[in-house]
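Presented below is the structure to which this report refers.
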Amino acid sequence: MDMQGILDEIVERVATLCHQGSVAAYIPSLSQVSPEKFGICVAMADGTVYGAGDWRTPFSIQSLSKVFSLALVMSYDYDSIWRRVFREPSGTPFNSMVQLEADRGIPRNPFINAGALVVTDRLLTLTGDAAGSVRGLLRRESGNPEVEVDEVVAASEAGHGHRNASMAHLLASYGNLENPVDDVLANYFNQCALEMSCEDLAKASLFLARHGVSTGGTPFLSPNQSKRVNAVMLTCGTYDAAGEFAYRVGLPGKSGVGGGIVAIVPGRCSVTVWGPALGPNGNSVAGIAALDAFTARTEWSIF
Amino acid sequence: MDMQGILDEIVERVATLCHQGSVAAYIPSLSQVSPEKFGICVAMADGTVYGAGDWRTPFSIQSLSKVFSLALVMSYDYDSIWRRVFREPSGTPFNSMVQLEADRGIPRNPFINAGALVVTDRLLTLTGDAAGSVRGLLRRESGNPEVEVDEVVAASEAGHGHRNASMAHLLASYGNLENPVDDVLANYFNQCALEMSCEDLAKASLFLARHGVSTGGTPFLSPNQSKRVNAVMLTCGTYDAAGEFAYRVGLPGKSGVGGGIVAIVPGRCSVTVWGPALGPNGNSVAGIAALDAFTARTEWSIF
Amino acid sequence: MDMQGILDEIVERVATLCHQGSVAAYIPSLSQVSPEKFGICVAMADGTVYGAGDWRTPFSIQSLSKVFSLALVMSYDYDSIWRRVFREPSGTPFNSMVQLEADRGIPRNPFINAGALVVTDRLLTLTGDAAGSVRGLLRRESGNPEVEVDEVVAASEAGHGHRNASMAHLLASYGNLENPVDDVLANYFNQCALEMSCEDLAKASLFLARHGVSTGGTPFLSPNQSKRVNAVMLTCGTYDAAGEFAYRVGLPGKSGVGGGIVAIVPGRCSVTVWGPALGPNGNSVAGIAALDAFTARTEWSIF
Amino acid sequence: MDMQGILDEIVERVATLCHQGSVAAYIPSLSQVSPEKFGICVAMADGTVYGAGDWRTPFSIQSLSKVFSLALVMSYDYDSIWRRVFREPSGTPFNSMVQLEADRGIPRNPFINAGALVVTDRLLTLTGDAAGSVRGLLRRESGNPEVEVDEVVAASEAGHGHRNASMAHLLASYGNLENPVDDVLANYFNQCALEMSCEDLAKASLFLARHGVSTGGTPFLSPNQSKRVNAVMLTCGTYDAAGEFAYRVGLPGKSGVGGGIVAIVPGRCSVTVWGPALGPNGNSVAGIAALDAFTARTEWSIF
């Protein structure tokens, strides 16, 4: 299989799709990114890496960080997080508070904002520095010691963070936070404001394609844990378009409002795409089209 | 791999779990089934069949019929059904009308009752006899010409069918039914009241493990269509426990209130389990435990 | 007080408001009414009647009938209806099914469609002919023996009645109907399709301004029952604009999609207005403005 | 009419009802109040005051303060508050966030917590000291210069205020707060923690029975504004039991979790009751029974 050829072809095909979406505008620093950027990177299980387009340009990982904070919590504390967060698709827009209230403070899954706040809170208790732990994991797995928080983005998130603050206080009112609201929010905003390239992210998520084995060769998660993170990504990873993503792409995947998507072909490879223009559900328009083309060409859908 | 040994062991392990659930009680004919029944059958892609427990005892397939009516509609009419039904997890109990109203008559997916009514309506338009078409497909694929509607169950469903009638009228009020409400309901109740064994069902669903190729060797669905039915099963097949099912079992699956579950290992086999005692989400307690054990032993999770 | 002068002035003032709304279009027979019609009638507690504009033109009373069916049920059977329907404002659009499902088949109040179906069902049990009883009451109190069902409207309602059928089946699924769905619907459609003028309606509702005493001088309701029907009208009579109506008009009132509104000044008079063009909440635009002007001029708000 | 006799009789009748409810327990300082307290006070339009039971014992006014902050905002700024808050019954429990999200940050009415936060925010902008303005109004109208905030209660509210903080941040995320979240919350907690007796409250709310004329004889609100505050009290004043309150009592009223209820007989008098044990909707059990008996005896229902 000519992987490089496939990626080059995909970059060409999705070039114009950026005009069908719009860049996240809720904070100024994200809204200034050019919608025409597009990158794709594939990291094979054996460590070989292929890339095309803007695959080495760093961008704001945003919700992609939620995969890594969940993996970290599971690595410390296998299964206890599931007493504080469900693992069901939300069926409602990603930051809805309706569900949280109906379910008395237990978020539907760890990839909606409310659930990610609970995971960050747990990680903060376990490590004393949730955002630092996520950054440490990402540096180690990507092999890039320069992975860093974009302080402008982090400050901007905090300045526009009333909705996340509202959610955190609601969690606290149900007794589902262990740490002070402000500490949880600061860690959450920092982990979302990490900057990484497609290359960094494909390497950093490779352990999910290698049954939990880290790039250094040691087990980070057990095979069972790795499978389960993938299962949660498939059912809950792309906001309220999880069914659509499974239908079109057929891989576990997690998207972020920075325009990145991480997808996993278990046993084979991880794939990261980046295109800042988002569709109505908050997922990268070019990114989803690229992953659709990727599974069509490789026939590597899990279904 | 000693498949027969695995199945025998599973039957032994799940024997007592039936006491953790309760048999569907909304119609008398279902409530009389013994909760202690349990069967499992695996049909390999090459046609080999393994079974254990009550794997040859017929039971009411109920919502399992929804997989086959959807496959039939897609076989006639590739993609147009998706203008009338979404393919997203519902996030709410399986027969909720809330979502249907909020979405102005477009059901969340083809496996909740409202969505299945739309699929049945479409199949009725395409074939003139929706329940007959489903029965025909099931007879052909299972090789069992005696697959038949249990008339007592069908009459019982119709007699207790106010909720489905309510849903059908609501769909009609949004212009999302092509046929008279009573005709759609009659076909729907009949297809749900078909009786089949685990063996029949494993054979009948084998095409989903063979990229769309029927037991007779001819293509019934395209590989792409087959993958997509599996994707919808994974995200929407087990009511509002789809995330939990993906997490524990890791296979596309569809459950029914008769206690049956059909699961697919793409490229390898189909698996059918049957245990009439249901848990709080309407899925067979013993059935889910059996599939959990099955993927743990075989390591055939798709993740 | 020059009541005739007040009414003439109101007719003049609201003449142009009809262009701010639109005539109900869900059934053809209603949509053909001229939006420029407007009538107002006041019936004083002593029997004196004042009218202006099209106050003697009959129109479709629609939901105004719900006041009379409720009064009839209470006259037979004081308080038992409240076990089957609440008396709280709905807070949601008038035909929503969400609430009905959340409240397990108990409608929020007798003036939303679901609640009115329950009242009609009860009246059917009590009298054997719910629509006939309502017609009888309206003929007797208005003194007009020609009050009659518009058969074209009734047939039209039945032909476009999927939503009401859906609601009736949902009530039945919760065990909250005593009679067959089709019988309840037929009675409901007939009582809604009665035709009356402002004059007829002002006379017919006068008992609510006379502490329950009918036009013939005999008690129809007790003073307590009469007050309570008025209380339910105030909190629930104008769909999800009850707060707005209380704020602007300050009287108990009930509106219908035919453009009529009945309002009560306890101890003094009943007022009926009619203007077919409806605002976004389904209430007559000119009618609400007229009642607003009426209470401003007379200072007869209950607050 | 022997008003004193009526009040004495009511105190006797409701004495035992306190055992049918329970004292608010969400903050320690409220939970320590004896459930057996009961007081009632009537202030006639001419200034005569009648009282019985614990009518001179101060208690925490809690949500009763919302009537006075709304009246103050209307006195400064007639109608502009209604661009930021609706005046419809909520139809859901009093502190629900569902509605607020569905309505994009516009609370249903000024008497649910979210709406009261918006009113307090507006009053803070208008006066620079919202809680101080409310206290000033209450001192002036009650003639009691010792009306004061209970600092222990205020601190306790703040310490258990995650839910109100969540709501305030959600309002801010929709741009519906003019002042910093912490300032709005501090003012809100202080106004709720004011302590007053039934006597103080009956005098302080008398302007609503006197068409807006203050106890000093000068107009505080216009007659129109006064009527409108009463209308909002009737439709929205008793959480999601407004329909029930109108049905049983038939007066505009506002309740608080401290067990107080203020009710108005327009043109005649104001009535305040206090009984700390609350029913399931958060209204004083003995208080509602007392008002029910009061309107039955006096026949002063507005209906």
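Each chain gets a letter, A, B, C and D, in the order it is written, and its residues are counted from 1.
Keep this in mind: contacts are C-beta pairs under 8 Å (C-beta built on N, C-alpha and C of every residue); 3 or more make two chains touch, one makes a residue touch a chain.
Just so it is clear, the model here is predicted, and its values are computed rather than measured.
Listed here as common contacts of subunit A and subunit D: no chain.
Distance from subunit B peaks, on a Cα-centroid basis, for D. We define each chain's centre as the mean of its Cα atoms; on that basis subunit A and subunit B are separated by 32 Å.
Here the spacing of subunit B and subunit C, counted between their Cα centres, is 47 Å. Between subunit B and subunit D, the centres computed from C-alpha atoms are 55 Å apart.
Of all residues in subunit B, none touches 2 or more other chains.
If touching chains are joined by edges, the resulting network of the protein chains shown is one closed cycle, each chain touching exactly two neighbours. All chain pairs that touch, listed by label, are A-B, A-D, B-C, C-D.
Looking at the complex, you find that subunit C touches subunit B at residues 96-98, 101-102, 162-163, 165-170, 172-173, 181.
Residues of subunit A that touch subunit B in their complex: 86-92, 99, 108-109, 226-228, 230-232, 234-236, 240-244, 246-247, 250, 252, 266, 301-303.
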